[in-house]
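In the two assemblies presented below, chain A is common to both, partnered first by chain B and then by chain C.
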Partner chain A sequence: MNGSHEIVIAGFGGQGVLSLGQIIAYAAMIEGKEVSWMPSYGPEMRGGTANCIVIVSPARISSPIITRFDSAIVLNQPSMEKFESAVKPGGLLLYEASTVLHPPTRTDIDILSVEALKEANKLMKKQVANMILLGSFLSRKPIIEVANVLSALKKVLPERHHHLLPLNAKALEIGIALGSAVAVEQNQ
Partner chain B sequence: MIAHDNEPRLMKGNEALAEAALRAGLQAYFGYPITPQSEVLEYLAAEGAGRGCIVLQAESELAAINMIFGASGAGARVMTSSSSPGISLMQEGLSYMASAQLPCLVVNVNRGGPGLGTIQPAQGDYFQATKGGGHGDYHLIVLAPSTVQEMADMVFEGFRLAESYRNPAMILADGALGQMMEKVILPKQGSLPIVPRPWATTGKPPTRERNIITSLFIQPEKMEQVNLILQEKYRRLQGEAQFEVLETDDAEILLVAYGLSARICQKAIELARVKGIKTGLLRPKTLYPFPSTALAERAETVEAILTVEMNAGQMVEDVKLAVNGRRPVQFFGRMGGMIPSPEEVLNQIEALAQGVALEAERS
Partner chain C sequence: MIVEGAVQAGCKFFAGYPITPATGIFKGMVDMLPGRGGLALSAPDEISAIAYAIGASLRGLKAMTATSGPGWALMTESVQFALMTETPLVIALVQRLGPSTGGATQGAQGDVLLAEYCTSGGYTIPVLCPATAMECYSLAILAFTWAEVYRTPVVLLTDKEIAMTSERIDDHALCPMTAQDRPTAKAGSAAYAFEFPQEIPGFRPVGGYEKVTVTGSAHDKQGRLQKNSPETVQVLRHLEEKIRWREQDFSVVESDLQAGAETLVVSYGVTSRAALQAVVRARAEGTAVSFLAIKSLFPVPKKAIVKALAGIRTVIVPEENLTGLYRSVLSSLFHGADVRGVNKVGSMITPGEILEAVKEVQ
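Coming up: the complex of A and B.
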């Protein structure tokens, strides 16, 4: 549908896959958009793979469960195998470089590899790797304002973690810079 | 009309439902944890006590429904929630409550079955919910939300219907609606009036005879009288049937689906219309009473009807009864926690459209 964006975010449980999706959904809601966030909730979540589908749209959202995506954000090899083929032609496949052993091979989509874990470790906090990926995602697909992402973080993070807000803002900036540094390469 | 907040919130369906129940003035909740509805119990356990609601984790679903019976008999606004296997355990109590004409709200966050099954979303409990479920001639009032917003709003509607008709009401959701997050604008605290309950067993004043709540009418003449009262009530209930139609004005193919299936159908309709196939949707919001009249009217204006469910074909029987042979009614479904994809539904629509075109050529 016009102006809507359909995203899948997938990785291992504990990588912040579900909360990354929630932050996108929350920020879009702040902007007055319709949103849905559908998590996988099977036994697969316990230490295995986790994923969520986020849909952001100016209009009423039809199915919250879909099989083709405008963008995929991938944080491990099993998810790459599952979702590389699910990106619509011309879509974005963003992945965390160190966790994906076999890089994607499609030539009809925008593929962006980001060293999010390495950069997060430089910040002494590997948990912000998901925010680095979010920054890189937004550098390609500016579907929500960065300022609203920061407001969303305030809502999604429990109060006791609010001292980490500046670190998350920094991670977001790094991600945007990393994404912007790579030109869109796409043979269509 | 129920007043709503100004600000939207991002909530899971289960949480929105639990918060709405507190805002509806829920006085007692008895339940037992089971995936994918456990957040209802968790939310109420955390929030209920401070907001005037007794929340108790019973030792089983069987105990929970009988606690609901007791609290409802005492005149309280009561709710329980569970998922498919747990709802099966409650059927005896629900039959008793229907017979004793006690209002309550039961939430079934449907998962795949039969048996202990799977925790993934399903609609396999349609028959159980709409055709009685327990023994005897009775019906629950059954509401089918398809958004997180409706997970909240239908709590208010469920209590209104249950209390106005003195009958147990059920919200029949599914695992996806319970677990997903969407924007929701919650109904306001206290905006649901309490219906007077002169029948409740709250202690006998000298001014009236004692109230008796029972489902035991040992003389068949009396038992038949109770049945006649129930049947008359179900006839009155038919006026409460609710539904939504989407893009039906020019539709040649009509989809009929509820809950999550209806959302998937909306996506399939988007895809079908891109291909030039005029497709619309009728979505029952109440499964009992079923919007038969509305469906029969729409059937006159389309060429073919396709029912889509996350089961082996249950609501399709009510669709066929309503359509009564006016048009062909097809069915498509996935079972056991598998969810039909919009593309699979599109394939069915395309096949139907081809059939309709062939028919037109022949005639």
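Coming up: the complex of A and C.
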């Protein structure tokens, strides 16, 4: 579909995989786009596999299920094995560096490895690793405005966690910087 | 959106017992209903949940419960009680992978016949099947209208993907109407009075000024238990006749027929969205193909299906179950056509798989 962007975000439960997708969907909705967010996870509260498919489109979305993606954001090894081949040629495969042991090998896609967990630990809050990844994603695929991501965050985060908003904004900034830095490196 | 629709419809009572993937409805009702002049209860189990809802409806409130496959299995006795006592009731059944506890977080379309044929005697229970968030809202309102106007249990059949996927909706396009109310009984008439079998008896609340007898056993028009009296048999026939006679009023479909097409794709629920995309792609590649998404699974919208069949040689019915449940119901209408299924369990059917089936025909 023209102008639409189809993303899969996959990892373990508890890594913020589903919330990351929700934030993208909300932000796109604020911009007046059509969105669909479809979660898929096991019965475990934490530690099971989890993924979500997010579609952002200027036109109405017919099917929330798709098998090939414009972008994949991967947070563990099993998800890498499952989704590396599902990225469309020329698409983006972004992954968290420390959780993926065997890096992807495809050469027809844009591959970006980000040390999100390490950076999040520096902020003393490993839960914001997903926001760092989101920042890196947006640096490559600016499908939504950063300002709208921050407003979306207010909706997705329960009010009791609103004191963490500045920290999340910081994580997002770090992610954008990391994504841009790698891009520059590759261009050289 | 089912919760929004139910509240808009005028639902004033909800009782439920949490079960994935229907817990969202339970939680939504508990959060929302008390603030809108209603009551939402957490029941100790599914049997109590539906019994509470029936009780509230017998008192005159628009009532609903929600569950998934394993809970539905427990509820079926009470669904029959609601049918037998002509008690309006909406049951949101969110399908998950079965049999038994199956897969709590996996979708499926395996309860289609279980929802419809849960009564001894095979009485027709209206079943509505939304495919989008917007339809969850509008069909929830319609489910209440049907339940109330025809005094029957109505199943709002969704699945994990429909119930748990978030989508953007245009809230200005939401129907601002409430559901219609049940007919009321004339003073002094019998509690289940009808002259012709297709008539809907006026409702009289339990606990009102006049005596009402409610029994799940075979009864006469007064609600008195009786064995094999002509009037009792008449009541039993009436329970089916009141729906069957109005069959055409229950037809809700979305049809997109293409002139000259010899292939028709028939689908419902979340799979119909993958099917629609497959049809759009097939047409872009130059293949003529017609499409029919059925929203009112039961009573079967025969007229719309027969209309869609004109000039059709092959019918493809994609659905997320192993044996082609709804295909087996429709097959008698497809006489002469080559009928094929696209079936899968454990994961969703993709547009590509349906497109493949469409291309195979050519």
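Here, the second predicted complex is superposed on the first by the 177 of 188 C-alpha atoms of A that agree within 3 Å, B and C clash if a C-alpha of one lies under 4 Å from a C-alpha of the other, contacts with A are read in each partner's own complex, and residues count from 1 in each chain.
As a working rule, a contact is a pair of C-beta atoms (placed from the backbone, for glycine too) under 8 Å apart; a residue touches a chain by one contact, two chains touch by 3 or more.
Please read all numbers here as calculations on a predicted model, not as lab measurements.
> Please tell me, clash or fit, for chain B and chain C sharing chain A in the overlay.
Once both complexes are aligned on chain A, chain B and chain C clash.
> With both complexes overlaid on chain A, does A:Ser85 touch chain B (first), chain C (second), both or neither?
Touch status of A:Ser85: no partner.
> After superposition on the shared chain, which partner residues are touched by A:Ser63: those of chain B (first), chain C (second), both, or neither?
both
> Quick check on the output: what are the common chain A residues between the chain B footprint and the chain C footprint?
In the superposed arrangement, which is not itself an observed complex, chain A uses residues 22, 25, 29, 34-39, 41-43, 61-67 for both chain B and chain C.
> Which residues of chain C touch chain A once you look at their complex with the stated criterion?
Residues 20, 103-105, 161, 164-168, 270, 273-274, 276-277, 280, 348-352 of chain C touch chain A in their complex.
> Give the list of chain A residues in touch with chain C in this complex.
Touching chain C: residues 22, 25, 29, 33-43, 61-67 of chain A.
> Residues of chain B touching chain A in their complex?
For chain B paired with chain A, touching residues are 8, 10, 35-36, 119-120, 175-176, 179-183, 260, 263-264, 266-270, 339, 341-343.
> So in the complex, the part of chain A that touches chain B is made up of which residues?
The contact residues of chain A facing chain B are 1, 22, 25-26, 29, 34-39, 41-43, 61-67, 155.
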